[in-house]
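What follows is a pair of complexes built around chain A, which joins chain B in one and chain C in the other.
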Partner chain A sequence: MKFDTAIIGGGLSGLICGIQLQKKGKKCAIVSTGQSALHFSSGAFDLLSYLPDGSEVENIQEGVKKLIEQNPNHPYAKLGEALPNLINSATQLFEELNISFVHGESNHYKITPLGEIKPTWASLDRLATIQEKQQFPWKKVALFNLDGYLDFYPKFIKQGLKDHQVEVNTFGFSLPELDRLRRNPTELRATNISNVLDKESILNKFIAILKSKISNEEVILLPAFLGLKNDNAFKTIEEQIGKPVKVIPTLPPSIIGIKLQQYLQEEFISLGGVYMLGDNVLEADLENNSVQRIYTYNHGDIPIQAKHFVLATGSYFSQGLIATQKEVIEPVFNLDVTFDSDRTKWYNKDVFETQPYLAFGVKTNKELQGLINNQPLNNLYIVGAVLESFNPIKEGSGGGVSILTALAVADKIAKN
Partner chain B sequence: MKQNNSSHKSNDSYDVIIIGGGVTGAGTARDCARRGFKTLLLERQDIATGATGRNHGLLHSGARYAVNDSESAKECIVENFILRKIASHCVEETDGLFLSLPEDDLAFQKKFIEACQSAGIPAEEIDPKQALLMEPSANPNMIGAVKVPDGAVDPFRLTASNIMDAKENGATVLTYHEVVGLHREKNRIIGVKAYDHINKEEKSYYGSIVINAGGIWGQHISEYADLKIKMFPAKGSLLIFGHRVNNIVLNRCRKPSNADILVPGDTICLIGTTSDRVPYDQIDNMEVTPDEVDLLMREGEKLAPSLAHTRILRAYAGVRPLVASDDDPTGRNVSRGIVLLDHAVRDGLEGFITITGGKLMTYRLMAEWATDLVCKKLNQTKKCDTAEVPLPGSRHSKEELINSIHTGAKTIAQGAIYRHGEMASKIDTTEAVKSSLVCECEGVSVGEVEYAIEELDVNNLVDLRRRTRVGMGTCQGELCACRAAGIMEGKVKNCSTRAKEDLANFLNERWKGVYPTGWGESLRGSEYSAWVYEGVCGLTNKKD
Partner chain C sequence: MKKKIDHNISNNNFEQCIKCTICTIYCPVAAVNPNYPGPKQAGPDGERLRLKKSDFYDDALKYCTNCKRCEVSCPSNVKIGDIIQSARIKHSKQKPKLRDILLANTDFVGSMNTVLAPVVNTVLGWDVTKLALDKTLQIDRHRTFPKYSFGTFEQWYKRQAQKQSEYKNQVSYFHGCYVNYNNPQLGKDLVKVFNSVGIGVQLLDKEKCCGVALISNGLINQARKQGNVNIASIRKSVIENKRPVVATSSTCTFTIRDEYPHLLGIDNSDVKEDVELATRYLYRLISQDKIKLNLAEKKIKVAYHIPCHMEKLGWSYYTIELLKLIPNIELIVLDDHCCGIAGTYGFKKENYETSQAIGEDLFKQIEESKVDYVVSDCETCKWQIEMSTTAKCEHPISILAQALR
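== the complex of A and B ==
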């Protein structure tokens, strides 16, 4: 099998890279093991929310400049002058993909399942977001939750909004059709609830409940447990009730994240990309400082050949990085990985402080090429969470690094 | 003499005040209350937070002590059979095997069996092939095996159950009350000063007898009376694995050494322990070092080779309350036996008793000795009945209880009975909502969490974990901690700010045990938890 580019890893970064390359007329294959970190994403992408010193970022471009001064090895530093253009390409791509995002030059704010108000860069417009921390768009809201659904916290959210002078009326509800799930309590999860509520007849019952409870609230806030199969679920509610409906993320599984993954996957395939789902790269042939071909589990001795390869395998969770008792390795190519050889230095004893292990990752040169013994592999590019020298959680940079490095690499490959 | 009054005044007086809510203190409170004394127990944190909650959870047969310390061995086997009877819901009758590996001396096995028999411990030599059939996880290269009546015991449940019985018999139990001084009148201790960490105030309590059951912290308590009890803090580190690889306790048949016991318990198994002297001023800062982790892994794999491929959940360490003999100030002669000090006899100080040393296995006997001394001092003749009367939760057999479940979610009800015995009937199962699972690893429902909050002195999520196992399973609190925090909100005077702080504390407490083993699946899970709690939920430990 011959492709222009073979991408290993089918999460956010791999898919964005593949979609962009297909759009530029490059034939791509993506090898994906399956679930990606998108499955627990909140539906809001952070680009840069906090600097390493803990201060909050408002204007993103200014923030990135300061970030690069504080951490010259950050993936953003490697994007250099292209960064503003890459941000533009990202927002342009969202528009072309027909996914409505809320985004701007400064961060806006999302509401978390625990009622925290946190800065973010680009949110799906169905999410409840706020432009300015001190200026909430609503004075009075109705917040609903399914009785016994434990992955969503109305009390915390109520308190979080009350701190910003928003009056929250909370309502519990139940439906006989959901009781089957409740009798098997492990199944009371967002995805399973959505499978029930998305059915038109049940959705109508749900709408009747909403109608019967609300009065003069300006907006209806729901846990993100709707719309997995029914794209029109929210619009239907809005039309029938005449009030806007916004969602707040739940604990995983994340319906918004799963939908996004599915959507990007479909988009990549409809652009002519080959998505090899449930496959795993076992081996790679290297010659003359470049990758010649890779072998996968499903395809046995039939290799995947390509001019360019992209590694988008994610971090520990997705097993793009594997930590052993002594070292951190990159399992596909055994690339150079930055980590501390003293394991006691991988951790901070306070779980909420910066954890050094999160910044471990694959070393690259300025071109985002992977290295073996400090020698770059000329046709292997590294994107997303597997990269070294950034802390996606503390900085709030996970989404941005995944999207922007993917776009940067797509540009490099297209120019070649 | 009895009273059951939770709204006590600060100057209440009692017959007996017990300092320390470990299993010894809890057992002593039970015994004292059952013998009719008006009893108060004070604990600086939650119950079972010291050595009680930081050991193997091994129901020793005593075999391990048989060769070197026949007195401890005899005490163990007697108490072993008592606990099976009175604390059946805390005990798993797994049996134990003592394995001789190729590097071990088979001559020791012979000596071992003889010593067991003379201590009254049934010890049966088993053919290695048959031993492997009994316990397939055992090292197949073993050259000898001996079967003994070891088992597993849940020290949290055991302590909670003793506390419950003490309260049913009129005792007052105050957790988060730290004793900060003793009231003394001439040569008599007449009460204690305690700091209430929840209401942030100091209070005094008066009693005819004050019992120091503070374990390793007892040395510090005795200093309030200007007495000297020399403790020898010995740190023991353990590892918990994410699966239950063995169903029979595995021991090495050799002189007691590092990491030679593997105990199954609930859904997990534990290997331990190391033993290192630590400075007394470090007893509140126990950390497991990478060297200890490596040693536990290395030795553990010898007992059960599959441990090499089993995910480690966490590491933890406890401090054994060993006591130096009075006539041996150098500490060379450290006793593992029970130490009961009547300070009137030893130091000329009336009204003060110390009960220390001993082991989890002998807590009941320790309590009996201490209470017998109280009886003598207060002229009470009532006999001890704690060896015969079952603890709350063990009054009916598990099988009987499980067979009586006819409705609702059976597996969840079984889990609750397993943990709480017949007390599980207090768990609300009337509505479907109450059987929603908070913790999927351990099968803990909303109803069980609410029962624990309302009936078992739960003040925070860490307390809740000790009562219900929420967050103790494979995921180490990935999602369940958040769910439990949602239920805690609004209960125990918890506002949402405090509930979030509590959640942050819980996650930090878990992390302390996870990071010493932070690689492989363990680190994967930690990264995921960090994404969920900090990334998705926006939880931090910083106040805005």
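== the complex of A and C ==
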């Protein structure tokens, strides 16, 4: 099997890289072990929300400059001068993909499932977001939750919004059609709820409940438990009630993230990309400091050959990085990985503190090429969460690193 | 350079499950049947309890179609479908009904029916027969039965055996029950395509049904017996006669390669890599420039449906690339949906509704696609598609055979 570029990992970073390359006429294959961490994404991508010293970032470009001063090995530092252009290409790509995001030069604010108000870079426009922290667009909101649904916390959200002088009326509801999901408490999840609520007849019953409860609230806030199959679910509610409906993400699985994954995957395939799901790369042939071909579990003796390879295997969750008792390894190529040799320094006992293990990852040179014994592999580029030297949770930089490094590498490959 | 971490194959790899629920999102059954708790609950979650005590076994596991979409989607490489199937074999106390035995014994029923094919096909087409089968055996009356052929593929092949042995290069063909009893034409097409690139086709010494229907209906001992016969014949072909084995059914291939060891305890490790789909065999030779298919320009529009077990094998790429070799073909790849039939599953009265609900989106897309043929590597997908849509469904090898110069 011959491709221009073979991408290992089919999540946000792998797909963005693949889509951009296909758009530039390069034939790509993506090999992915299973579905990706995008299934947990809230639908709001952070580029840089906080600096390592904890201070909040407003203007993104200025923030990135300070970040690079504080951490010269950060993936953004390797993007260098190209960074502003890459941000532009990202927002342009969203537009081309017909995904409407709220974004700007400065961060705006998202509401987390736990009711926190946090800075973010680009949010899907259905999400409840706020432009200025001190200026909430609503004074009075209606917040609904399904009784017994445990991946969403109206009390926390109510408190979080109250801190910003927003009055929140919370309503619980139930529908007999949803009761079957209660048979098994662990299965009352957003996706299963959506499978029921998305059906027109049941959606209408839900709308009737909404109508009966709301009065003079300006907006209806719903957990993201709708719209997995029915793309128009929220629109239908808005039309029938005549008030805007905004969504707050739930704890995983996240319908918004799943839809994004499916959308990007379909886009990649429709551009001519080959998406191989459920396969594992087992072996790679290296010659003259470059990857010649890779062998996978499903394809056995038939290798995937390509001029360029991209490693987009994600972090620990996706097994792009594997932590053993002694070391952190990158399992596909066994690339050089940065980690602390003293295991007791991998983590901080206070779970809310900066966790060092999150900044462990695959070492690269300035070109984002992977290294073995400090020698770069000329045609292997590393993108996304598997990279070293950034802390996606503490900095709020996960989405930005995944998207921008993917676009940077797509540019490098296309120029080659 | 070898990967440091082995492919996850231990029986207990449910320990790798991090409860992310992604498998349940992609389970076609859980999405439509409220009685099925979904693969996470039925697989790794339930396995923890079942290890403690067999009483925790939930009979709802019978609703699993073994499509393996849970495994394909799992980011942690947990063999969720395998865990569920093993649990059914180990813990289910349900005895197979007469209906299950009849549906599962494809060899026996097939060899009876091919003798009387014209009569059987007519009678099975009658509403009154369907109603009777529905009432007596709980085989759903909405089902259309696959037509039986008058005479088997093996009988046809006997007349070709001499000519086939004259080729220098040889493969063995695992034709499966469907080609033998229902669609010998597909077998003839395979012979035609292989002969066209200078390869002769042999049959195995002894071929039994791969056993997939026996496994799913709980007839494990019989499945094991048949599996042993097949593996012995495959071994003779591959090791003694140096003839690799090709097949046309994605499910037979998947069962022999991937289900024999862990569900039936049959070691196939010495021959596994030499059993594969004919499309993959051809693709390999073409990509190595060893053969070339001589295909005529043919204006044809097809929609390719990827069967679930093909998705699990990861081999749809080969089929698609072979079809693309036909000059002037217009090829659409249908969205990745299960068709819902899952072998004998959809024939059962209690599953009919689930089965059709699963396939609904696919049927709609097929009707809208306006193609000459739907193409699929799986015979039961073909039955389901032809019964539920107005489209005609063909195997990729048949499409290639028609396009040969």
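Note that in this section the second predicted complex is superposed on the first by the 416 of 416 C-alpha atoms of A that agree within 3 Å, B and C clash if a C-alpha of one lies under 4 Å from a C-alpha of the other, contacts with A are read in each partner's own complex, and residues count from 1 in each chain.
Note that in this section contacts are C-beta pairs under 8 Å (C-beta built on N, C-alpha and C of every residue); 3 or more make two chains touch, one makes a residue touch a chain.
Remember, it's a predicted structure, so these values are computed and weren't measured experimentally.
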item	value
Overlay on chain A: chain C relative to chain B, clash or fit	fit
Partner chain(s) touched by A:Gln319 [first = chain B, second = chain C, both, neither]	both
Chain B versus chain C as contact partner of A:Ser290, first or second or both or neither	neither
Which superposed partner A:Pro252 touches (first chain B, second chain C, both, neither)	both
Vertex chain A angle, Cα centres of chain C and chain B, expressed to the nearest 10 degrees	90
Which of chain B and chain C A:Lys155 touches, first, second, both or neither	first
Minimum Cα separation, chain C to chain B, after superposition on A (Å)	7
Shared chain A contacts, counted only where both chain B and chain C touch the same residue	37, 40, 183-184, 186, 252, 317, 319, 322
Parts of chain A lying in touch with chain B, wherever the complex brings them together	37, 40-42, 112-118, 147-151, 153, 155-156, 158-160, 174, 179, 182-186, 188, 249, 251-252, 254, 315-317, 319, 322-325, 343-344, 346-347, 349-352, 355, 357-358, 392-394, 398
Chain C partner contacts - residues on chain A that touch it in the complex	1-2, 33-37, 39-40, 180-181, 183-184, 186-187, 189, 191-192, 195, 252-253, 258, 269, 274, 276-286, 296-302, 317-319, 322, 329, 331-334
Residue numbers on chain B that touch chain A, as the complex places them	290, 294, 409, 412, 432-433, 435-438, 440, 445-446, 479, 482-483, 485-487, 489-490, 495-497, 499-500, 504, 507-508, 510-512, 515, 518-520, 523-524, 527-528, 530-532, 534-542
Chain C - residues contacting chain A, complex	1-5, 7, 18-22, 24-26, 30-31, 34, 37-38, 40-41, 45, 71-77, 273, 280, 283-284, 287, 311-315, 317, 333
